[in-house]
Structures are given as structure tokens and as C-alpha cells.
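In what comes next, chain A is part of two complexes: it sits with chain B in the first one and with chain C in the second one.
Showing the complex of A and B:
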């Protein structure tokens, strides 16, 4: 009995140990379950997809199949390589890997409609002088022998046809479905605006009060999603604008000026003027503190970084100038600008008066009311910017060069030529605005600080490895808007002695001026000696106002009056590369596998049938106890 | 249900009920009627209720054919033309495929 019990306990112990071991092995196996996938696929990390955007009538962008598109990679470095892909190559479909310079419309039209191409990948060509260009993949080029390198792209877009269709489908889903599946989102964000003299935003300003609006855009776009460096098209302009705002705030008697100045930064201008059309709509519907009648004049800074021999061109609108009351006001505006440019390294020249305006936010205001205004640009007729709204519109495009061997802190202090040039433009703008607002003092003291420009431009480099991109996405408050908001508050606001609670909840303090100001709690700069920061409260007049197209407010998705741009939704965007085997190898593997299966079934059957012959032991015929 | 154990009046009753029920826009009842009573109506040795059962089965078959033709035509038209119908197509659909017109 005792021996049996001991034996029983021992076997139970062994069983438990065995079970524990099995559990461990299975558990570890589960954790390592994906290692086979990692052995096959290499995911590509630093990629930018091309997504689908839709407007009232059409769709633009790219689409892939639901489960991705696969093709054998073929590098196209010159036009002759295309022949291999389109006609000669023996292993279609191909995934074309294109060098950046060849990514042109003519080439794309050649590839269009070919069933031998399953996708396209573009390698951005950095202007690299001596080393030449290389796609930089370790994957071998398409040779004549297997195994070949293949790439699979996943970018399945949910929206299709146009904004009207996708918004209708989204609203049907939201209304009737238990699990709504929205397919697209409107592009929207916020405009940033600030006034020189504080105004009460909860009510409207008086009908006799006049405001001069200064405007720039802060966004850009390119073929690829969220790649929009926009250095010349947007960044240089709003940096100049910020510098001019700072210069004006430093003048002593600005609070006594007869007219107010509103510094406005429009978001979404790339997509049919989302920000400016919304502001005009709000002004017409009386939802904005300032009305269209209060606008005295309008000054817009278009692209200003690439001035040819320091000339800045002044564009005006010929249609509104035909009005007798507008024409002299425009002349006054231009004269103020020309007067302010004396002494600065900026030559202002007017373009031909019959030439219409370049693409600008001012046109949205003119559609509502004739306002005297000018648009300043570095081009007379065609753009100086050769990379307008493309991924190559970077700092190199505006000739921002630092000397070799500077540390990041030194680059922060270094004043580039571009910064100096933008500062001069900002000086001219600030002086002209002072004159227009009725200022009578000496304007030569107003100077924009080029270091202000640098700090902005280098902040960009400091904000992580990549440059910040200026695409108006569908999530609200992109980095650019926040950046402009906080920098403007920093430059034009004053530090006040509030505690954190008072700063974050200004309505609790009995301060009669709190309606006019916005309070921001700033983290403060890091003391070089200590590791803690000294936070403070900034009082400024910087406000955010929604920049979403009125077409979506009015539910007129097919509107021709307002912007109707939307961005499609998607589940999964990724790319991966892997090796593919030849068809013959695949078939051989399959046949061998099936043969082994059949063989093993037969073997099992025969062994089972002849078991009493194969496994007979001598004399043991009794029943086995379990 | 095993029809061998059912008395003949019962069979006639069942057949009639299924036949009449199919008129309430329920073609599957007619389908069941045809498949279930097919052997009874045409292959079993004759008995008194058989001619009536036979007529019910035949009429159910006619109704079934009508429904098959109508539904097949509608499904074909819908699947091929839904994309072209735009707004009407979306309102008629329960699930709309993603990413294709």
C-alpha cells in the first residue's frame, strides 16, 4: 500500500512537472509565433504614402487593392529601363522603383493603364553633388534568376468618386447603421489671428472702427501624404509676418493709433482657400468680432523668399481699382509701402495695373466686398519657386545655408542671408503698416530683428529629426498652427504676474480686461545651470478661429462656391519587401507536400492493419491496466 | 417529418397549407412544398388525394419559377448598375463596399 501510494504521488508529481513544462514551451512558442513572418518580410519604415483626396467633382491621389499590391521590384534610372517593365521583362507584374528626377507627368502617362505594373515607389533625390544617386535598398535588382525581390504596398482607400458621394455614404452610415463606417473627413483646422490693440471678442467692434488686415498662409501640400515642407510657399511668408508683428509691438505709441491692425494666419489655403473663405463667411454672418465693413485695407504676403536682385513686386486687383473710391486708397497703400522701403535693401515695384492678382487669400475677400489691398510677392508674372507645393520645397530651395561645422546651438545664433532678406521685407511691411494705421512718428526706428526669423527657422530643425510638415490634416490643431499660435503669443504678448491657476482660469479672477486677452501658461526656457524650468504666464491677443469650409457647415457638398476638399479614410498603410520564389519551385514544393501526405496516410493505414503482426510481444495477451 | 406515417388527409392538408402560405410573399414555402411532396405527387402509387396534391405541387412550382426569375433579374440589374445609380444606389444598399464606386 505504502509503496503504491508513494509511487502514485511520484507519478502525479512527474505529471504536474510535465504539464508545467508543456505549458512553458507552448507559452514561449506563442510569444515567438511571429518570428516566421519576421524572417520573410522586411517592413519599410521611412515611407510616405500617397492618399486619396476628393473634392466636389473629382478624386485625386492613389489607391491600392484591399490586400495590397505585390510586384517584383525593378529600379528605373533612365527611360530605357522602362522598356523592360512595359514589354520585355519575363516576370510581371513589376513594382517600379523610380528615381526622384524621373517622376514626371510624361513618364506616369506612359505607365498608366499597363497591366504589367502593380505599383510605383519614388525615391526622393536629395541634391547630392558628387556621390550620385542611389535608391539605397539592399534588395537586388531584377535579374534573370530567382529568387527575386518583391515589394508589397498597402494603401486601400475607403472613399471614392467625389466628396458628395463619400459624405453622403458617411452620413447614411452614421444615421442608419449600428456600426457606422465613415469613409472620409473634411480637411479642417484653425486660423490664427491677433490684433495690435486688444479687442473684446465676445462682442463686435464699433462700426466706425477701422482695421487693416495683414495675411499670410501657413500650409502647403505635396503629392505624398503629410510631406509638405513648403519652405518658400508658406514658411518664409509666415516667418516674415511674425517678425513684422513683433517689430510693430515694440513701437511705443501703438496703442494710440487710430486704426487697428489684425495679423491673420490662414490655414488650408492650398485647398481652395479653406481658412480665408471661412473667415469671410463668418464675417458676413456676423459670427466674427470684425465685420467686412470695418476693413480699411488688406495687405497679403505671398511668396517672398526668392527675391531677384532684391525686387519685391506689388500686385493689385484691376477689377476693384475701377471703383473710384477704391483707386485712391490703393494708391495710398502702395505709396506707404514705397516710402517705407527707402533705406532698406528692398526695391518695391508695381506690376502692370491690368494684370490680375496671383493666387491669394485676398481674392476671397474681394469676392465679398471691394477692399483696397495689395499682394506682395517675389515674382512678377511666373513663380520664382520651381518646387511650388512639392516635396522639394525645403530649406535648400530658399537658399538657407549654414557654414560647415556649426553645432546646433551655434546654428541657432547664426544669421543666414535668407533670414536677413526676410527681415528686410518684414521691416518694410511693419513701417508701412504703422503709416497706414495713422502713425505719425518716425518710422526709421522700426526694425525687424533677423534673429527672430532664425529662431523660427531653426526651431524647425530642432523639432525632431524631420522638418515639420505643413499639411492641413483632418485632425485638428496640427503642429504648424500650434507653432504659429505660441510663437506669435511669445513675440507679441507680455509676461504678467499670474499664478498657474489664475493663468489657466482667467475668468475666476476679477480682472476687467480679461475679455480682451488670452492667457497662455508657458513652460519657460531651461536654465543652463539648473535642470528646472521657470514657467510664466503670457498675456496676448492671439486667438484661434475654426478653419473649416462653409460647404460642410451648410451641407452643400457639391458647392462650387466654397472649398469641398476631403481626405479619404484608410485602415492600414504600409510597405514591405520580401523574396519570391519561382513558380516551378512553388509547384514542386506543393506536389512534394501532397505526396508526403498521401504516403503518410498509406503508411498509417498499413501499419494499423498489420499492427498485430508488427507489434506482437511474446506471450503478452492480457488486458493492459490503465 | 416522415410522410410515410402520415395519413393521406393530413398530407393533403399540409400541402394545401404550404401552398397557401407561399402567397404571403414566401417563395421558400413553395420550394419546400415542391421538394417535399414531389415523390408523393408523382412517384407514389395512386390514392384518392393524390390528384389534388399533384395540382398543388404543380402550382407551387409555377410560383417558384416566377419568383426565381424575378429575383435573379433584380439581383443582376442591381449588381451591375448600382455604381451608375449614384445616390439611388446608396439609398437602396444595406452595406456599401469601401473604396470602389
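Showing the complex of A and C:
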């Protein structure tokens, strides 16, 4: 055997070894977690953290330490349990586990400032079931003796103090660092708007053209990040708005109406009216096809789902009504609404004229120019909504009840009472708008379809297993905005016979009208008999405009004029539970370890020193034994 | 379980080995080389045996519990045999090395004897085995939690540390025994090493009944220690003399 042959065999062997190693490494990459880690920790999957939001002057929300906060779990079911946590318990710090009902301001104030508490977790009692972990099952000893159950929460936020500070730091990072680490992001998204008669968005409309703006908000908020069901505060309103838009588009002579109607869905209204303030700013700066002077009147739908004995209250602005030209226009507006409510199961009543407006997007427009307008709401003075901007503002809050035993497909078709009530409001709104826009026909034919409103509410269920949330967030085009955009296009647009290429690239086809419309390619619904879908092209007037506060455009981060809300960035948000051992056991382990170390060092030294004595009998003969 | 447990377990598992290394290996460069090469040989044996087990596991149904347990037992068996095979290979390598050292030396004597090599090789095997047993546990011991939420024993870290300590000692003594058996053609010594290794590894299947694994392992460790001591030229008389602080009867020179 020559050396070359041996070498060849050796390298082949090395290659297979290398391949085997690679296979091992790749294989191991697919296993989760270390098996010891799995013995110790149970990660909590369905959690919603509380994050930090900042504005021009303050910060709100929650923060944890860099490496998480650990505490012994203590379930607080009644107020007496708090005493254990705050004074009596022998193993601080504690992680308080609260039932949803107890999560109130009074309780939080009691816990504030205590050094015996390292964190708080709220278990949402309804509607979703408990997260699947029950401390009683896994945690031994009832929480009195070691080992005790503990929880660790990681939610370290990078931004501090206020928006001015965090934006300044972010801009320094972006300007000077090769690997910028930004610390916060402005809350921004898109507004959805559509006009009844198509307009050319690349130029402004004529100064004599008049537009009636109908507005609703589409977002909400709660204490916990991305938990914002907003059923009464946002969803019911925009669903009603969509139904009214659909009803109006069905009327035959809408293209001939003297005035146009603009259906606007504002995003970010919860945070100091991001969407509406941006639209007003764009209108003032001439960046929007419609100017403030073109606005004839304004109709806003505030919370409308919880009408008490079918009364809908009409709110107007007392300040602008002092203006002599505005006052009669407001009266016309209110009369049109009251006329439209004849025959429908809606009673419109005006609130006291000296009462100011409830929180609404209309106020942003009034700041810029006095415009006649009304805000429709289901409350006269204080809100009917007991869960305004809370995680409990869900379908149950607006009394959406399905009879027992319906399958999910059947619930899609079932018309709830809530849907019917919203459809009535939509009918009234649609008829009033028709009148205001100068329509002269019979309005009794305009009817909003209650099925529209239910389909909206249930389409959301199709978006995923969980309820969709309506938080504006910092990533653009959240689900809600897209949903509103596509549903509006579906309801108010027409199907045109374009191919996919023409639909997606309308500027390529020679079509004089293409500047007025937006084309959307829909994949179509699934045929129940087959698995393929029939796609089509929808022509509509639905547009998106940026909803980011002008404060960030103008770089006025401390602005008091515009919204300055930002959301902090973070690296890692998670929670896990595990057992903790007593301090005594830990100290014993350490002491035993040190003792063994010292003992073995001494013993080895001794043996080494006496080696010639210990190993001296050379019964074997020959070489040195030791 | 925090720093206290981390350091406690590290000292328990690696304290004696640290002492041995510090006083007997670190001063002599040859011994360091033999230590590290021994560790490497053990590592390769582990790699090959774990490869075999990994392939067997991936090729089988992961839901079948008895099968997986059976595969694990087979894996342990195969690993023990492969480790001893590598010990034999290392012995062969060191034998060749001695010839080289003799050729290079000035006085025709190797600067290190095969018995010393046996001890250092065994220690190298033990250290690498201990490292692989203990390091990932120590990494998790640093976190705030302890084992137990799924029902395992709380003493997991402590008993693992003691088991690691005993394995390091056992590997050292097995090294001495095995090389002695190879040198003097006493095959039964090698068989005894393999046999005790199988018993100790098999006894770990008694866990979490830690009495079933730790007690036999420690007993076997003392037995092997005594045997290795005798083979290295010790006897009870020397032991007593060293304890009384006397010099040996013969002057401290290599025996003839």
C-alpha cells in the first residue's frame, strides 16, 4: 500500500465525518429548547403585555427590568388577599395574579410603590377561557412552603421620559450610527376615504364643488398591547358607516347629485386624533384633493350601538353655532336627519344646545374652520359604554347574542338584534345624506341591509381564530384598515371586466377614467362545490391617505397642537412560570461545594507531597510507578 | 437557581478534578498534552455513539415510548463500549509515543512512564465526560428557576453534580486499570473495567431514585480506587506511614 492510497482513504473518511457532523448540527437546530430548560420552565403563550407609550410630556404604560422581573405567584381573589402580598407574606417579592374584575384603579393605587411586588398579571375571566395553566395543579405546597411557584415577566422598554427625548435619541442613532438602534416609533397608519361620485385625485376639485363629509373612527385601545376589541367605541360605528355607504351607492341617481359625499374612516383617533388632524393639515397645505372651503357639512357617527329605548342623540357645537351663517345650516342638517328618521325605529333627539361636543374627529375640523356639523351618539351626557377603551369592549358589550347551537357558518347568516339596530341607524344616515346632497327623489327606498352589518362583524372572525384588535400600532396597514378598505371597495365598487394585468397596472391601459378610480384585484369567494376561486377586478373610489401626526412631519416632537404619541420599542416580551427553591437549599449547595473544593485541594496536595511514600513499593519492578 | 447553586454545583463536580489537574498535570507540558488528547479521544467516541443513537431515534417513531426507552438503553450500551474501545486506541497511540520519546531522550529513558500516562489519560477522559454531563445543567442553573414544575425531583442539580464527580474519578481509575491490563496482558482487568463502566452507566437508569445510582457508583469508585492504588505500587503500610509523617524505609529513588 502506497502512501497516496492511504492518504486517499483517510481524506474520504474525513469527508464523511464532516458530513455527519453537519447533519448532526442541522438536525439539532430543529429541536426546541434544551431538555433541562424544559424541565424547569413553562412558557406562557397567550399573553398580552402592557407596553410603554409616550407623548410630548409624559410616558404611560409598563416597564420591566432588563432581565425580567421574578416573583412568587400569589392569586388575589378578594381584597383580603392583598394583605398577604403587602404585609404578611414571608417570601417577597410577589407576582400578583388578579382576576379581571379586580383590576381597578383603587387596587392598583394600593399596590403602587410597594417593594414587595415585582409584577402583576391579569387573568381575563371572560370571554376567552383561562390560559390553560392553573397554579393549583402544578404548584405544590399551596404557596406556604418551598418550593414555591414563581413567574418571570420580560417586558423591557427602550424608550423613556417622553416623545421629545426618545425621538431625539432615535434621530441621533439614525444620523450617526452604522447600526442604528431606534428606541421608539410614532403611531401611524392610514385613513380610508371614498367619494360617492368619483373625483380626480391628482388635482384639486373646483372651488364651487361641495362635499359632505361622513366620518367615523376605526381604532380603539386598552391597557394591554394590541388588545383593543373596541366593539362599541369603534366597530359598531364603522360598520354602520359601511352599511350607509352601501345603501347610498345603490340609489339610481347618485351620480347626478349636486353635492358629493365623502365617506371617511379615520385611524388613530384614540391617540389625540392622529388621522383627522393629519387630514385637516393636508387640506390646509393643499395636499389633499378637497380643501376645507369645499366642505359643506360634517356628519360624524360616534358610539351608536347601545341606544337606550331607540333614542339617538344629536350633538352640535355651540361655539360655531354662534356664527350666523353656520346656525341655519346646522338646523337644516338636523331637520334632514329628523325627517329621515320617520318610519325607522330610531328616535332622534337634540341635546341641549349649550352642551359641547363629545370627543370626536369633528373637533379637529372645527379648529381649522367653522363648519356646520353634527355628531350622532347613543348617549346624551355620560357614555352608555361601560367599557370604553377597555379589553372588555367586546361583542357582548354591544349585546350581540346568537341563539344556542348555531354552527359558525350559520352564525354568519344569522341577523342579530344588534345588526338590525345598526342597520336602522345606517338607513337614517343614508337618507339624510341623500337629502343633504341635494337629492330630490323619494328616500324611503333607501334601506341599509342588516346583513351587511352582520357580515362585517363576522368577517372579522374569518381573519383568524382570535377576535381582531383595532389598535393603531406602528406597523403600517393593520388588519382593521385593510378590512375597511376592502369591504368598502366591495360594497361600493363595481366589478369591471379587466384582466389581472390590466387591473394591477391600470396606468398601462388607455382609459380616461382611470385617474378617478382605484382598481383592486379580488381573488373571489370559494365556490361551495369546487375548490377554485373566481377572481375579479373591482373598480372603486376607495383611497388611502397617510394617518401620521403632523408633529412628526414638522419634527415638532413637543407639539401641543398635534398628537405626539409614540410607542416604545422592545426586544423581548414573554412570561414563564417555574419553581423556586428555598434560600437555605441554595446556600447549602454552595457551602458543600466550597467544602468539597477545599477538601480535595488539600487532599491532592497531601497525596502529591507524600507520593514517594505512598507509591513506593515497586512490586512490579521496572519503570517508575508514580 | 442563581449563582449560589451554579458555583456550588461547579465546585462539587469539578473541585477534585481541579485539584488533581493543578497539582499533578499543570506543571508538566507532556502531561498537559496527554490530558487534552485524552479528552479529545473521549469526545470523538461520544460523537460517534451519539450519531448512531440520533440516527436510530430519527428513524423510529417518536411516539412509541418503550421503543424510545429501548433505544436509549441501546445508545448507552453502545456508548460505553465505544468509549472503552477508544481508550484502547489511545493506549496503542501512547505506546507508540513512548517509543518516540525514548528515541528523542538523552538517556534512553522515557521522561514519562506508561503508568503516569494511564493516570493522565484517564483524567482527560473523565474531565471531558464531566464537562458534557454538567455544562448545560450549569447554564440552566444560573436562571431563577429550579427543576420540579413537571414533577421531577428538586435535587436534580445536586445529584447530577455528585454523579459527575464520581464519573471523573471513575474514569481516572479505569484508565490506570485498563492500561495496566493492556501492559501486562491481563485481559480480565480490561473486562472488569468495561463491566463496571456498564454497571455505573446502567445504574443511572434508576434515576430519579438517586439512591439506586449514586450509592452503587460511589461504592464502585472506592473499590476501583483501592485496586488502582495497589496497582500503582501502594500498600496499606505505605498509607499508614504517610499518615504518620515518616519517610519510607528506602531512600526516595526509583526502584530497580
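Observations on the model:
We adopt the following convention: the second predicted complex is superposed on the first by the 545 of 626 C-alpha atoms of A that agree within 3 Å, B and C clash if a C-alpha of one lies under 4 Å from a C-alpha of the other, contacts with A are read in each partner's own complex, and residues count from 1 in each chain.
Quick note on the criterion: a contact is a pair of C-beta atoms (placed from the backbone, for glycine too) under 8 Å apart; a residue touches a chain by one contact, two chains touch by 3 or more.
Here the structure is a predicted model, which is why all the values come from computation and not from measurement.
By the touch criterion stated above, A:97 is placed in contact with neither chain B nor chain C.
Once the two complexes are overlaid on the shared chain, A:183 sits against chain B while remaining clear of chain C.
When both complexes are overlaid on chain A, the residue A:169 reaches chain B alone and has no touch with chain C. Shared-chain residue A:612: touches chain C; no touch with chain B.
By the touch criterion defined above, A:158 lies against chain B but remains apart from chain C after alignment on the C-alpha atoms of chain A.
Look at A:432: by the touch rule set out above, it reaches neither chain B nor chain C. Contacts of A:538 after superposition: neither chain B nor chain C is touched. When the two complexes are superposed, the chain touching more residues of chain A, out of chain B and chain C, is C.
Residue ranges of chain B in contact with chain A, taken from their complex: 86-87, 90-91, 96, 98-101. By the touch criterion given at the top, residues 20-21, 24, 27, 34, 36-37, 39-42, 70, 138-139, 147, 149-150, 152, 576-581, 585-594, 596-597, 599-601, 603-605, 608, 610, 612-621, 623-626 of chain A touch chain C in their complex. On the side of chain C, the complex with chain A involves touching residues 1-2, 4-5, 7-12, 15-16, 18-20, 22-24, 47, 50-51, 54, 58, 110, 113-116, 119, 136-137, 139-140, 143-150, 152, 154, 156-158, 161, 165, 229, 232-235, 237-239, 241-242, 246-248, 250, 252, 254-256. Against chain B, the residues of chain A that register as touching in their complex are 63, 66, 156-161, 165, 168-169, 172-173, 181, 183.
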